[in-house]
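If you scroll down you'll find the structure; I have some questions about it.
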Amino acid sequence: MSALDNLLNDLVIANRILAKEDVVDAYGHVSVRHPDRPDRFFLARSLAPEFITRDDILEFSLDGKVVDPNEKRAPYLERFIHGGIFESRPDVMAVVHAHAEDILPFGLTGNTPLRPVIHSGSFIGSNVPVWDIADKFGDTNLLVANVEQGQDLAKCLGSANIALMRGHGFAAAARSLIEVVRMSVYLPRNARALWRAKQLGGEIKYLSQGEIDARNRGYSPYSVETWRAWHYWATKAGVGKLVTRPTDPKAGKAAAKKPAKKAKPARRKK
Amino acid sequence: MSALDNLLNDLVIANRILAKEDVVDAYGHVSVRHPDRPDRFFLARSLAPEFITRDDILEFSLDGKVVDPNEKRAPYLERFIHGGIFESRPDVMAVVHAHAEDILPFGLTGNTPLRPVIHSGSFIGSNVPVWDIADKFGDTNLLVANVEQGQDLAKCLGSANIALMRGHGFAAAARSLIEVVRMSVYLPRNARALWRAKQLGGEIKYLSQGEIDARNRGYSPYSVETWRAWHYWATKAGVGKLVTRPTDPKAGKAAAKKPAKKAKPARRKK
Amino acid sequence: MSALDNLLNDLVIANRILAKEDVVDAYGHVSVRHPDRPDRFFLARSLAPEFITRDDILEFSLDGKVVDPNEKRAPYLERFIHGGIFESRPDVMAVVHAHAEDILPFGLTGNTPLRPVIHSGSFIGSNVPVWDIADKFGDTNLLVANVEQGQDLAKCLGSANIALMRGHGFAAAARSLIEVVRMSVYLPRNARALWRAKQLGGEIKYLSQGEIDARNRGYSPYSVETWRAWHYWATKAGVGKLVTRPTDPKAGKAAAKKPAKKAKPARRKK
Amino acid sequence: MSALDNLLNDLVIANRILAKEDVVDAYGHVSVRHPDRPDRFFLARSLAPEFITRDDILEFSLDGKVVDPNEKRAPYLERFIHGGIFESRPDVMAVVHAHAEDILPFGLTGNTPLRPVIHSGSFIGSNVPVWDIADKFGDTNLLVANVEQGQDLAKCLGSANIALMRGHGFAAAARSLIEVVRMSVYLPRNARALWRAKQLGGEIKYLSQGEIDARNRGYSPYSVETWRAWHYWATKAGVGKLVTRPTDPKAGKAAAKKPAKKAKPARRKK
């Protein structure tokens, strides 16, 4: 498999994991930047993530246009979320937009900012801004339906990893597919832990900035620990057989861009 | 398939979706108005929605009587909910009654009105009245067991889309089956988001009237986005193969009334 | 099938439903009084309810002794709950003991009595006493491990349908297996609705005594509506094929005591 | 099967149960001390517990080193939790570390100590200390990544059965695998009951010290009741066939150390 094939294969896996882990349902989507053309990204056609295969993935320019002029299938309405973030953040390689239920309350009230309280939630970062589409665009249907709205969301996101979207959901941006999936799975868990702790009362111990930094420093998408979750989630989602692993686990982020021999997935013994 | 066959096929799908999405269980039901005879509606015989097939669907007059004099199978006790709403609301084509657990608290206390806080909850409308059967009928078993009670519920509903029923559940009314199912699935989700936000404290940002209106204007039961959820839910409920699509996606609401060629359902690739 | 065979068949179904509906897990049990010998009852041997078949059911005297002197298999430790209630309540034909999680909080604080707030919760009755084993027996392992403790629990239950057991679970008593299963399934749902409404704040509208009475008057274990749930739950639990129905649906409670021809179960069409 | 084989077989079962019961997911692990060499313990290689088989289990010395010099597979990063506890607590035979979501809030706020409120939660003990890695090690990635950190956690645990780990999870220590699994399954349930009772308001009745002691005195890993849950959980987790039972159920804890004839597992009848 070429590096690009490998990446698109991972995008299929990412879709299935997000569906299985209840981050997306009929709605929500995940994209990845083109490894060789930073002005392009890949995103599925308008279809529930649980059903997505390689054939459903389309190539887009950053203004949300489908590259292939012969493509007749409808794209996602909110592809401008992805385009806007890829445009403003050259460091970002993968984006998720979803409506995961347990994060919604934190976008509805200014009372409690969503911040990391558990170690697996550290990657959401110490600042999770809330974007309210009404601030700039007034009364809309709340969907990010054009380039300008996507850019405004990206502006609110700034250099953060996650932006909550008031009354709607969230957008997550990361350096790799594995990382953006991981962040999207742990974001609702961190939200639940915080929501429950608030009800116990008393002062809450958030992760310190130093702890968040320490976790970021140690993170590698191909470490044994990170890979364990990716393989586990993919297997649960029924696509364990699609999982491939770069030959050199130390290659880290770069690995996704190089041709990698198909490694044998860790097989479940019977 | 004739337009009527198509509609009854959709009614079967609606039953299965509501069961799979935990809106109904042994109890709860969904009806659709007869497309050619506004004084008639279709509703299953007394059976859990998860088990319903085309053969279980009966035709009723608005006073809740089974049209077929030879029909021996028992109808739902609470069919008067449907008759009452279809009688008072000529614009309504489909009705759901259910006990979905997470909406119940909002019918038990006057403290917190159930209003849209998330975009997918917009269709419940800005005003969700609470009907208390005791107000007019005193001590009953809380079931809507006759024409008069059905009419009283419809009166409380007025021009709204949803009425909560104190200590019991809700009734939802919409322009199409797809819409009433969608509303019934997102109603509990909106209720949970509001309930959790209340516990975080602080002022809650509800959807504005302008946002609710904007979403209503943009809504079409056969848009790509709406169809995506219908297809997704049907597939999860095991009836993906029953899904048909009108030939012209732009035909909108009218399509359900016209003979439509059976379209190939979007197939899951393997 | 004889009336007794029918009843024991129903006891197997009851076990499976309670397991599937998360009322019991490895622990918890359901019993039925012997229809011809009021001083005897049937209860499974010590085994998780999900696994129970006809062969696992033993016959007990009211003091919790296994009737068959050759029986070597271990009985449930807490069989005295059943014996105690059957002894003190001649009207009771079936008993459930379980640890269903969502009712536990109501036994831990005197602040909020568990009372019916939803129509399906009416059968728990307007008074649900909380039994604390420590009141009479001091520091124990909280299990009802002898005749005296079973009798004390029954005394606390009095003429009620449900007693909560502090730090442990609940005991439910009813006129039939169908009724005791139904009550045990809806008890946690009523508890959740009340718990959530409490958090919304404001005054809660409980079912009135008149409403509870009206529902009790209308109740029949073989009504179309009650049967619908029994058949639905049994099918979900994988024992739909075991379901039999008395020939005369109007026979009501008495039917369980008379030989009943095996009726064809309502079949799921395909 | 030899006693050691039996024990490792039980360790596989323990892994699968913890996965099925949502105590662990991609992360979390369970270990058992070597029955003949108290300075050694067994723990799986770095793999999600749901996938673990006999071949994945490695032998470690108490400083977290793999005994087999030829072993190439990566161990869990946090194996020092196990080593630290086995070193400081000669009475402990089995250890679990996990992130079970519902216990997390209790480590985030000093307001509400996690104490037993339900009988099945008694084994967590009357004192559940909260270990904060930052107290001694400052800003870390929160993982227990070396001997010193493992020893510090063990010191905080002291003679208790459970230590919460702030922003991370918990560590549980017990006299046997069956007991440590049981404790880990009931810990989140006890946490939920306490969390919900707190919200009902009023004073909470915790288990008394006398009740906790009474339950401890009566506990035996091979009692009929304890075994029932082990067999039930294993069957649900798909490894019912792996379950073996010591020939003498009265043998208690010692049984795990002696060669035991393979007993026929209680079979599910059809």
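When the chains are written out, they are named A, B, C and D in that same order, and each has its own residue count from 1.
As a working rule, contacts are C-beta pairs under 8 Å (C-beta built on N, C-alpha and C of every residue); 3 or more make two chains touch, one makes a residue touch a chain.
Keep in mind it's a predicted model, so treat the numbers as computed, not measured.
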Item to check | Where chain A and chain D overlap in contact partners, by chain label | outcome: none
Checklist outcome for this item: Mapping chain C onto chain D via their CA atoms needs a rotation, nearest 5 degrees, of 90
Item to check | Maximum centroid distance from chain C, chain identifier (CA atoms) | outcome: A
Next on the checklist: Suppose each chain is reduced to the average of its Cα coordinates; what separation in Å results between chain A and chain B?
Outcome noted: 33
Next on the checklist: Measuring centre to centre with CA averages, how many angstrom lie between chain B and chain D?
Outcome noted: 47
Checklist outcome for this item: Within chain D, the set of residues that touch 2 or more other chains is 199
Next on the checklist: Please classify the inter-chain touch graph. Allowed labels: line, ring, star, complete, other.
Outcome noted: ring
Item to check | Touching pairs among all chains present in the structure | outcome: A-B, A-D, B-C, C-D
Next on the checklist: Please output the residues of chain C touching chain D within their complex, sorted ascending.
Outcome noted: 25-27, 46-48, 50-51, 53, 55-56, 74, 77, 99, 101-102, 104-106, 108-112, 132, 134, 138-143, 166-168, 195, 198-199
Checklist entry - Where on chain C does chain B make contact in their complex? => result 117-120, 122, 189, 192-194, 196-197, 199-205, 207-208, 210-211, 213-215, 218, 224-225, 228-229, 231-233, 235, 266, 268-270
